[in-house]
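Written below as structure tokens is the structure these notes are about.
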Amino acid sequence: MIPALNLLIGLAMGLNLVALGSSRLPSLIRTVSTQGIALGLMPILLEGNHWDWRIFLIAMATVAGKGFVIPGLLRRAMRAANIEREVEPFIGLMPSLLLGAGGTIAAVALASALPLLPEHAGSLLVPGALASVLTGFILLIGRAKAISQVCGYLILENGIYLFGLLLIKATPLLVEAGVLLDLTVGVFVLGIIIDRIQRAFDSLDTRKLTTLHE
Amino acid sequence: MMIVRIFLWVALAPLLPGLINKVKAWVAGRRGPPVLQLYYDLIRLWQKGVVLSTLASPAFVVAPAVAWVALACAAFLVPLGPAGAGLSFRGDVLLMVYLLALARFCTAWAAMETGSAFGGMGAAREVSYAVLSEAALFAAMLSLAVQTGSVSLVAMLSPTPGAGTLLLAAGLFIVLLAENCRVPFDDPNTHLELTMIHEAMALDHSGPPLAVILHGASMKLLLFAVLLTAAVLPLGSLSPLAAASALAGGVLLVTIGVGLAESFLARFAFRHVPLLLTMGILLCLFSLLVAWKGGAA
Amino acid sequence: MGTSARSARASFAFTLAGTLVGLLAALGVLLGPDDWEWTGGFLVGGERVHLRLDGVGAIFLVPVCVIGGAGAAYARAYWPDSDSPGSAARGRAWWNALILCMGLVLTISNGLHFLIAWEAFALCGYFLITLDNRRPEVRKAGWLYLASSHAGTLALMAFFTLLAAHAGTWELGPVRDVPPALFWLALFGFGMKAGFFPCHIWLPSAHANAPSHVSAVMSGVAIKMGVYGIVRFGGWLPVPAEAGQVVIGLGAASAVLGIAFAMAQNDLKRLLAYCSVENIGVILIGLGAALMARTHGNAAWGQLAIAGALLHVWNHALFKSLLFFGAGSVLHATGTREMSRLGGLGQTMPWTAGFFALGAAAVSGLPPLNGFVGEWLIYLGLFDAATTRAGFAWAVLPAAILLASAGALALAAFIKAGGMIFLGAPRTKPAAQAHECGAGMLAPMGVLAAACAVIGLAPGLVWPAIARAAGSWNPAWAHAEKSPFATLGPAQAALAALAAAAGFLLWKKSRANGLRRGLTWDCGYRSPAPRMQYTSGSFAGIVAGWFFRAFGSERKFRRPHGPFPEGSILLERIPETVLERLVEPAGAAITRLSHAALSLQHGRLQSYILYLVVGLAALGAFVFLEAKP
Amino acid sequence: MNALIILPLAGAILAALWPDNRTRAWFLPAVGLVHVALCFRLLASPPVVSPEAWIGFDPLAAAVLPAVSLLFFVCGIYAVPYLRMRQERPNRVFVAALLAVLGLLSAGHQARHLGILWIATEAVTLAAVPLLHFNNTPRAFEATWKYLLVGGTGIALSLLGSFCLGYSSLHGGGEGDLTFVALAAQGAGLSRPWVLAAWVLLLVGYGTKMGLAPMHTWKPDAYGEASGIVGAILAGGVTSVAFTAILRIRSVVASAGEGVAADRTLLAIGLFSMAAAALFLLGTRDYKRMLAYSSIEHMGILSIAASLGAPGVWAALFHVWSNSLTKGALFMSAGNIRRAAGSPSLDDVRGMSHVVPRSAAIFVTGLFAITACPPFGPFFSELKVLGAAIQTGHGLTAAGFLACLLFAFFGLTRVVFAVVDGRPRPAAQAGGKRIRESFGLIAPPLALLVLSLWLGLFTPAILQDAWTAAVAQLFPNP
């Protein structure tokens, strides 16, 4: 089932570029949630023939969390702060696209330097993971709106999840632990919303979050 | 013996300024004041009353006395050829040099007492130039010590003349002129105040204290003359009589030399004074180096 | 008030008792044959407590106790609770702590505990200097002191750690198999405290701005702790071959430059502080000669040199504290330290003037006082070294000559100080209204002055102690040669007697001839005004001119010109050259760097994450480059 | 399974359910006391930990955890009067979160399994959020936001690193047993590229929590806005978890034969952190952010020490103790001063020794303690670090170390004396509240200083043995 898996990973990598290129928050969030669902399905594909409820559980949890819950929260936050677009990012859309593309190529190159187990040989897992991590960083560094940064963090985390799939058979616990990261994201978003409701912290523009400095 | 020595120093000292003035007058073709003029002055001053500045404290009168004692003791340490020194011990040379410093301290302190501008000026010049002349003096003493391998004046002042002797003589002569405020450093009988060093400090003194100061100055001159002579002439190798006469002759020579210098040289501008003194230091230093290297053989 | 008075009395009694005990212990060691030793039954910081007082330590302990007691007495009148509530009590506490810590520094013989006592002593000094921390200049001076002292302490941390690593134990004592280069580390670490040139940057401002009794103990005793360290480890460690020459060189430089700077000061206490730099230089010259002698077969002249250095430690402690007490009284009476605003205090404060004059004569190294005796020993060592004509001894020739001119400069500086402050006519109103300070301040000065005179007139008394110390510094010199003062002592006494007699007689004679009071004649000015007097600036003018380049003096001069000249100005400022030309620019550069660094902490989250990524990339590159081979 | 973890978590739940706002604060000292008692009992009689246990009070935990627990206990005592002063704020979440942090810290210190370690650290990060947010000001929110995002990124990277380490063990034929014992046992079997990748990622990840430059950026904001006790526990507890994590991982990497590279990286990042912290300290004008930079400096010291082999690690464990105790005192006294002055900035605070004399005195003493002035703990531990550097022939490292210490000293003294000395501003009293320096606010920091003093002068043998045992655990074959 490696080809099928690689298909999904390829899709995820494509979605990275879409995320980098999208200027409107709703599309960004949609991209992220799609990527989440794609990732969620992977463990099942990876297992395919013999059935393991734990793997299934992880998959479901991931699909639910990454695909629906968090995007939902993000949408709420967006509506609450009634913002639609990413305004003047620190790294423009075109540069970030190019960076992302370059990063993806570099990831493929770098991955070849790391030895793989026979059963993972030929899978795009490592390059995909690295590419997503890179994309996440680009978004985290390049975007001004808190929500887009959260999306960036989600993609970063998806990359790590992809990597985790290498270990899913051997040490499921570690991979399960990854779910905690979603919790972090949840805290971000709740934090934003709660604070948004508590005070008029408008536009979720992190450029306003620079009172603490030397 | 002791008495004779003291008599020599105290009684003969005032002769030197007189001689110098005679030489100057002779060169200038005048008759000039009698050789004993300073004696007359001293006697007259000793009987005069004292005018004391309202700002001055008793220290103003006491300081000259202390200075005189310091100079007398310094002279006491200097060996007179065959007669040796009144008191001689290891390191007495240092005591002698610092006794001169003590005298300087007292004169300068007294000069500051009256708060007169000239007092301050004279004191400032005296203590500042002393920095250079003391360095020169020490270099000279070091070279004598190195040359003779001893640190007590009696031994140091009977050197066997070496290559450095002439340099040493020249250096010491400059120091002598500077320390005794002779031309070209100062003009002892000018009264254009701005040019004075020693006189400026004595300006406000009168009566016995002034007499003591003048006598002390003459004693200092004699001291340096003896020092210079003994440092140059190999007195140790002569018979006592010859040595004594050689010493006397040397002192006379030095005195005449000073007189000639005063008649043929003009006073330097003050900014040139350090130059000349530095030259003195260098001369003494060279003699020191010669002694250091040459003696090694 | 009552309670504070009682506590003041109690603290004073405590101080006196402590210093007395210390003094007796020190004298006991110095006059007896063997050292005092005590080993505690418990560990501190994993090391057994071990105190030892040998000759060297005892020599330094004596001034600690003497000045400690005298200063405490002086402070009772100078810094009383009534004038400065709060800070007076704090001052007493820190004072006692300081004395105690210095005592410990001198007795502890374990590297770890030495570091502890050393730093504690340094901090006590800081809190004493900043007693009056409401004045910004005091805070500035205090911080400079603290910073330099900590730089020294860190060097000492390295030194003692290395020492312990090589010797295999923290216990201190003579060691043979350690690299001689360690000595340089010790020289720097202790030098920062000793304040020889150019490690003196903190010294002038700290000693000038501290309360005068603190200045006295800092200048008279505290900096000697640095000297102690150098002497101690110069004695215990195998020193490099050229150590002697280097130390002599440092000493000569400090002596001449220190006193030249002193000459140029207008602030009395700054003048005294710079003069301390000179005296440290004098001590180092002696020490350097001794080191040289020891590295070349324990020549006998080395003993004279080290003896002179140690004696000068005592002398400088005595007369410098005396002078600082005098300065304190002047400050107390007139409220200013600027000599150009003083003058004529001799009439209103005769006792202070007298004591100051004596101190001035002593610090100028004039016979028959103690200053001369110490320098005489050092000179004797240098001259003896010169007479050997040994090749390595060349360094003593310039040293002796520079020492001589430093002495002459000291004389000039103190004629200036004494003359400007106590002689002539008062230059300002406060100076005219000055009043003699009370017995509470005069008594300590009297004690110190007496000590100066005694050491000067009867140096034979102190020789055994000094010789004992020299012997314990270098066992090869333990068998003390007979006192070199045999003739000098009586000669000095005779000189004093003669001078007194002559002075008395001349005074009598002048009285007999008739003593008239009149205006200062001054070549016939009818009404000499105070403003006509020579000023401190013009007095120092000649010397300042010679050192103009070395000082990097700043000068502003507008000549009067034209038929109707308007005001002309001559301003001259002598900077603390090393500090303002070298250290402060470097500090400014580092500050700029730090502001550049802080501008990276600008609060933009995106960049923070960028730093993180950069860090990740850098570490990754580093690791894979490291790991490839 | 493990009382040290269960007890505080249970306490947290109980506190969360506790109805009364005033008495709830007492949970902190109470739980803290029991926790300390348990810790020291275990320290006195170390339990046997089976090698395959995932959580256990092993020598390394024994060497560090008691310090954290002690610090927490004292902070708990301080928290009572502190929270009484802050009656206006409901402290339900605060107290519960604080107790949870203690429990999770205990878990993190005792974690012998890569995954457990990561989970505990992550959970601590999350549990600390309400603590930072307690003051509920915009500044507090901003600080929290930065803490979360930077810290979260670091945490994510450390998970990635854990994956890499796990994969390297799989690649070396491991069965996916991720206890440190098993990983170390695999030794050279671990695949080198993966181990190195894992080392870098884990170092950066846990280094972010430790606050090593350049991952330190969240620290000044968080410490600057958090209240004194939170700062103390973050600086004394959370950082030490991250540090022990790095120590455990380093021993695995070393057993894989990459010890040299690991030590080099630790040394490099440590020196860099010290230098950066010294530069920041020279310029900062905020005495609470100053504490953050000082903490960065000390993390640098720790990682330098960790790179110096067995003696260095011993010194590092010593320094963990002295640093966290002393820092605690500094944070609390700084908190008192902050409240009295009404501003953390040098521009409008001075002469505090006349306003809050006791706190100012403690602040100054703490300053000298933390800058390695004898006879406090840090002096002895840093002397040990220096000794280790010299012993292992790292002369240049020693020199750089001392230089950084010197400049840090300049910066710290500059700030502290500007705060303490001088004439107090009238404005300062106006801005700040008139606080009574009650026993409850003074005794805890004082106690910490005394502890630091005692730690330095009379380092108890039991602790020294604990550190030695921990070193033996980390360097099985010297």
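Note that the chains are named A, B, C and D in the order they appear, and that numbering of residues resets to 1 at the start of each chain.
The rule is simple: a residue touches a chain if its C-beta (ideal position, glycine included) is under 8 Å from a C-beta of that chain, and two chains touch if they have at least 3 such contacts.
These figures come from a predicted structure and were not determined experimentally.
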Worksheet item: Could you give the fewest steps needed to travel from subunit B to subunit C through chains in contact?
Response: 1
Discussion item. Show me the overlap between the contact partners of subunit A and those of subunit C.
Written reply: D
Worksheet, complete the sentence: Two candidates, C-D and A-D; the one with more touching C-beta pairs is C-D
Worksheet entry | Chain whose mean Cα position lies farthest from subunit C | A
Item to complete: Report, in whole Å, the distance between the mean C-alpha point of subunit B and the mean C-alpha point of subunit D.
Response: 77
Item to complete: Report, in whole Å, the distance between the mean C-alpha point of subunit C and the mean C-alpha point of subunit D.
Response: 44
Response to the item:
Expressed in whole Å, how far the mean CA point of subunit A lies from that of subunit B is 99
Worksheet entry | For subunit A paired with subunit D, centre-to-centre distance based on mean C-alpha positions, whole Å | 31
Worksheet item: Got the subunit C residues that touch at least 2 other chains?
Response: 598, 601, 603, 605, 609
Response to the item:
Check: subunit A positions touching at least 2 other chains come out as 140, 149, 206, 209, 211-212, 214
Worksheet, complete the sentence: Among all residues of subunit B, those touching at least two other chains are none
Worksheet entry | Contacting chain pairs - touch in the sense defined above | A-C, A-D, B-C, C-D
Worksheet item: Which residues of subunit C touch subunit A in their complex?
Response: 598-599, 601-607, 609-610, 613
Fill in: Partner subunit A, residues of subunit D touching it in the complex
114-115, 118-119, 122-123, 125-126, 129, 133, 136, 138-139, 141-146, 148-149, 152-153, 155-156, 159-160, 162-164, 166-167, 170-171, 174-176, 178, 191, 193-194, 197, 220-221, 224-225, 280, 283-286, 289
Discussion item. Considering only the defined contacts, which subunit A positions touch subunit D in the complex?
Written reply: 113-117, 133, 140, 146, 149, 153, 156-157, 159-160, 163-164, 166-167, 169-171, 173-174, 177-178, 180-181, 183-184, 187-188, 191, 195, 198-199, 201, 206, 209, 211-212, 214
Worksheet entry | Residues on subunit A engaged by subunit C in the complex (per definition of touch) | 90, 137, 140-144, 149, 206-207, 209-214
Discussion item. So in the complex, the part of subunit C that touches subunit D is made up of which residues?
Written reply: 43-46, 112, 115-116, 119-120, 123, 130, 133-134, 136, 139, 142-143, 146-147, 150-151, 153-155, 157-158, 161-162, 164-165, 590-591, 593-595, 597-598, 601, 603, 605, 608-609, 611-612, 614-616, 619-620, 622-624, 626-627
